[in-house]
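These are the structures in question, set out in turn.
One chain, subunit A, appears in both complexes that follow, with subunit B as partner in the first and subunit C in the second.
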Partner chain A sequence: MDDATRVFPRDPHWRAPDSSRVPFWAYTREDLYREELERFFYKGHWCYIGLEAEVPNPGDFRRSAVGERSVILVRDMDGAINVVENVCSHRGVRFCRERHGNRKDFLCPYHQWNFDLKGNLQGVPFRRGVKQDGKVNGGMPSDFRVEDHGLTKLKVAVRNGVVFASFDHDVEPLEDFLGPVILRYFDRVFDGRGLKVLGYRRQRIPGNWKLMQENIKDPYHPGLLHTWFSTFGLWRADNRSELKMDARHRHAAMISTRGTGGKVAEVVSGVDSFKEHMQLNDPRLLDIVPEPWWGGPTAVMTTVFPSLIIQQQVNSVSMRHIQPNGHGSFDFVWTHFAFDDDDEAMVQRRLIQANLFGPAGFVSADDGEVIEWSQESFEQKPFHRTLLEMGGRDTEDADHMVTETLIRGMYAYWREVMGETA
Partner chain B sequence: MSGARTVGELDFATYFSLLNLYADYAVVVDSADWARWPEFFTEDGRYRLQPRENYEQGLPLCLLALESQAMIRDRVFGVKETMYHDPYYQRHIVGTPRVLAVEGERILAEANYAVIRTKLDGESTVFNAGFYRDEIVTTPGGLRFASRLCVYDSEMIANSLIYPI
Partner chain C sequence: MSNWIDVAARDAVPADDVIGVEVAGRDIALYDVEGELYATDNLCTHGRARMCDGFLEGHEIECPLHQGRFDVRDGKALCAPLTENLRCYPVRVEGGRVWLAVE
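Entry: the complex of A and B
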């Protein structure tokens, strides 16, 4: 049977001239998924690890992930930030089981191999054998060097309190990776101020990891799927907005300024989620106080490919970390934070506005749901494709949000790196 | 602390009301009768649903932090009218409340809970397990929550959480 007529194509290729139609199999193939881990998460890219504020003191550590690989963010006794892989160099044990803590060194319990906080192997029990009856039993070969058997150390970049790492020591500098446009939006949030971690939220979303990047590169949906955005004008087709990408179209910033909301026929007529008479019983849920550092826009959602979303939506700020586990599932870990110079009222405001976001959030819970529903369809008919033609078929920046250009841009980059080109 | 009573002095009628409060709450949140959920709280009553890791590290972030009965009503509106989600049934299994302290008209109590979620065409799975830690006050309408804190062990939420715990 011809591949073109099969529901499950045997040797599919993406040959279209543009990236406006994504094949369903791009979300379902285990071999492609492993190739994505290889090319995006483990090579040539910086992945998000955590915030320096999560490990303020020497010896503090916190487990994180790069792709599917468990890594440890740790501040060593000299105060430096290290990221090491959580795999013992002896027999591969994922030795660090706690999520966070404080340690002088790392110990693998299996054979008690011991590592300093930079990942160097310090000691191996019975390395020189065990003396018994005047004879030395066992021991490592004479050419065994502890220097050769440290933990895998990742290349680390810390910018204004945010820690990125890469298994690829030849990766370009973080600033070049982000590019000048995205760097500006990164520095808008992280300008060197001290950060205060407010806490975590975790969810396992049964969908391909790329769908979450797409969700935050898609300004078309928020004013439609999310009642709060459409009704209160937080994110809507009539808001002043800009969509910007790095030169390679992998990262993006969706920049928007809140409008007045209310009923504007062109953007809310026929929109099921728009609730004309909706009012909050407790206005504290949207007690928005503009902050000087916003510099105008009330929301900037930044996607850093492949692993991070930086959220600033009015007074709520968070890091959203994508940790894939298989082609059809990823863990989504939210770290909400405040700034050291916030007063108590601002911290409370950030905490209350956090009700909008996360796995139970008024405008976020539905994102996880629709991702699950997309993945279900991808699995059942991988020969089919999505349609991304809102605003055209190009991958240019835009000064409005009625477009899917950012997703097209991401797939143009994906195709280039994955070798799926016309 | 006039009127302070020890746990042992809590009269059975009050304890019986407390048992009913826990049982009635579970029935309401399992029955999709969301409009009745805020009625279990005083006007300034707070509802918080917090992952155990934040609770134990002293981090303030909750999954939901509803600071008044009015805010709880806003959540009801969200559940009923604004959030698109897969429909599901839920079933609370709530342990016997343990009274921690009695301070005048105020009772501090806690109970374990497990919530089983069943999606249409799906199996029943343990969705959220944790404990309630509650501050309960006597009102003319009966016992009400001045605060209900739900601390959950199930930190990795199975996609999304819509209905009240």
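Entry: the complex of A and C
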């Protein structure tokens, strides 16, 4: 039977010449998903792990993930940051169950194999056997070397308090991976100031992980989907904006400036609203204070492919960590933070504005839902495709929001790495 | 004020080896190193293992669980994963018996 007429294609290939139409099967195929883990999460890319501020003291650790693989971010007794895989080198147990804590070493509960905080194997129970009635029973073979059986150690890069890691020790330097354009927006938030973690949010979204990257590469939707934004005048399609990508189009910055001069009054007033009569019960949600480090833009959403979104929406800053667990599901972990030099009022302001985000956020709750609804359709008719032609079919940077260029850029890169070229 | 307790016959401690004894509710390891006797707490300061199940080499006892090594003469922790020394006890031999001072 002709593949072109099947709902479930037998031999799916991306035949289109450009990236303006994404086949539904790109979100549903288990084999493709595993290939994505292989090529994006486990090779050639840096994945977000956490913030140095989450492990301030020697012995502090926090569990994180690279793709589906559980890893541990840990500060060792020398003060160095390490990332090791949470898989015992003996029988594969995912031994670390706590989300965070402080310890002198790691111990697998199954056979009590013991590792130092750099991931080196320190001790193996009964390595030399067990003494009984004057003889020694069992033990590891004489050629067993603890040096050969440490935990898998990831390559680590720390930039201004943000920790990235890669299973691929040949990965290019983090700065080259980000490229000069995205690096500028990274350093805009993380300029070396100390960070203070305010709290976490976690949600499991029943959709393909790429949809989350797309969501933050899509300036077309916020003023339309997020009625909270439009009701309270926080997003308009005619905000002064820029969309920028790295040379390979995998990362992006969505930069927007509200009002005309960035003044508070203009930021929160004088904008069209569908429901002008509505008012916030707690006006502190709109207590926005411009900060010098913004350098103009009131919001910059930075997507770092494949695993991270850096959020600056006025005074709310957070890391959003994408942790896939199957082709149709991912965990989304939000780390809200503040800066060490913030005064108490600013910390409070950041916390209150954080109510817009997370699984129940006034704005972000919408994103989780539409991602789920997209995935439902993708599963039903994988032969079909999405349409990404707003603003054209190219993958150029833009100086406005009415375009899907960043998503097209991401799929141009995806096709290149996945070998899905026409 | 030491309280000397008779804990074992001298010949119950084999040459260049270790045994465990219970003294006043405590778990104690007795070592013979080239005819000289030493005593420490039996329980490792790291994992849950007894020194008397470990391997004595010269004056170093290696824990059977994670291969931490202590000097039996002063209880000093010699390597990772150990971070804490073993407690030692004064020992003397009198009349073919081993005596230990606790508190």
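Simple rule for what comes next: the second predicted complex is superposed on the first by the 401 of 422 C-alpha atoms of A that agree within 3 Å, B and C clash if a C-alpha of one lies under 4 Å from a C-alpha of the other, contacts with A are read in each partner's own complex, and residues count from 1 in each chain.
Criterion: contacts are C-beta pairs under 8 Å (C-beta built on N, C-alpha and C of every residue); 3 or more make two chains touch, one makes a residue touch a chain.
Worth saying up front: this structure is predicted, and the values here are computed from it rather than measured.
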Chain touching more of subunit A, residue-wise (subunit B, subunit C): B
Partner chain in contact with A:418 - subunit B first, subunit C second, else both or neither: neither
Touching partner for A:198 - first (subunit B), second (subunit C), both, neither: first
First, second, both or neither for A:351, with subunit B first and subunit C second: first
Touching partner for A:331 - first (subunit B), second (subunit C), both, neither: first
First (subunit B), second (subunit C), both or neither touched by A:128: second
First, second, both or neither for A:114, with subunit B first and subunit C second: second
Which superposed partner A:284 touches (first subunit B, second subunit C, both, neither): first
Contacts of A:402 with subunit B and subunit C, given as first, second, both or neither: neither
Which of subunit B and subunit C A:366 touches, first, second, both or neither: first
Contact residues common to both interfaces of subunit A (with subunit B and with subunit C): none
Subunit B-facing residues of subunit A, complex: 99-100, 197-206, 225-228, 273, 275, 278, 280-282, 284-285, 331, 336, 347, 351-352, 354-355, 358-360, 362, 365-366, 368-370, 372-373
Subunit C to subunit A touching residues, read off their complex: 46-47, 49, 53, 55, 62-68, 80-81, 83
Footprint of subunit A on subunit B - complex, ascending: 49, 51, 53-54, 57, 59-68, 70-71, 73-75, 77-78, 81-86, 155-162
Interfacial residue positions of subunit A with respect to subunit C in the complex: 104-105, 107, 112, 114, 116, 122-128, 130-131, 146
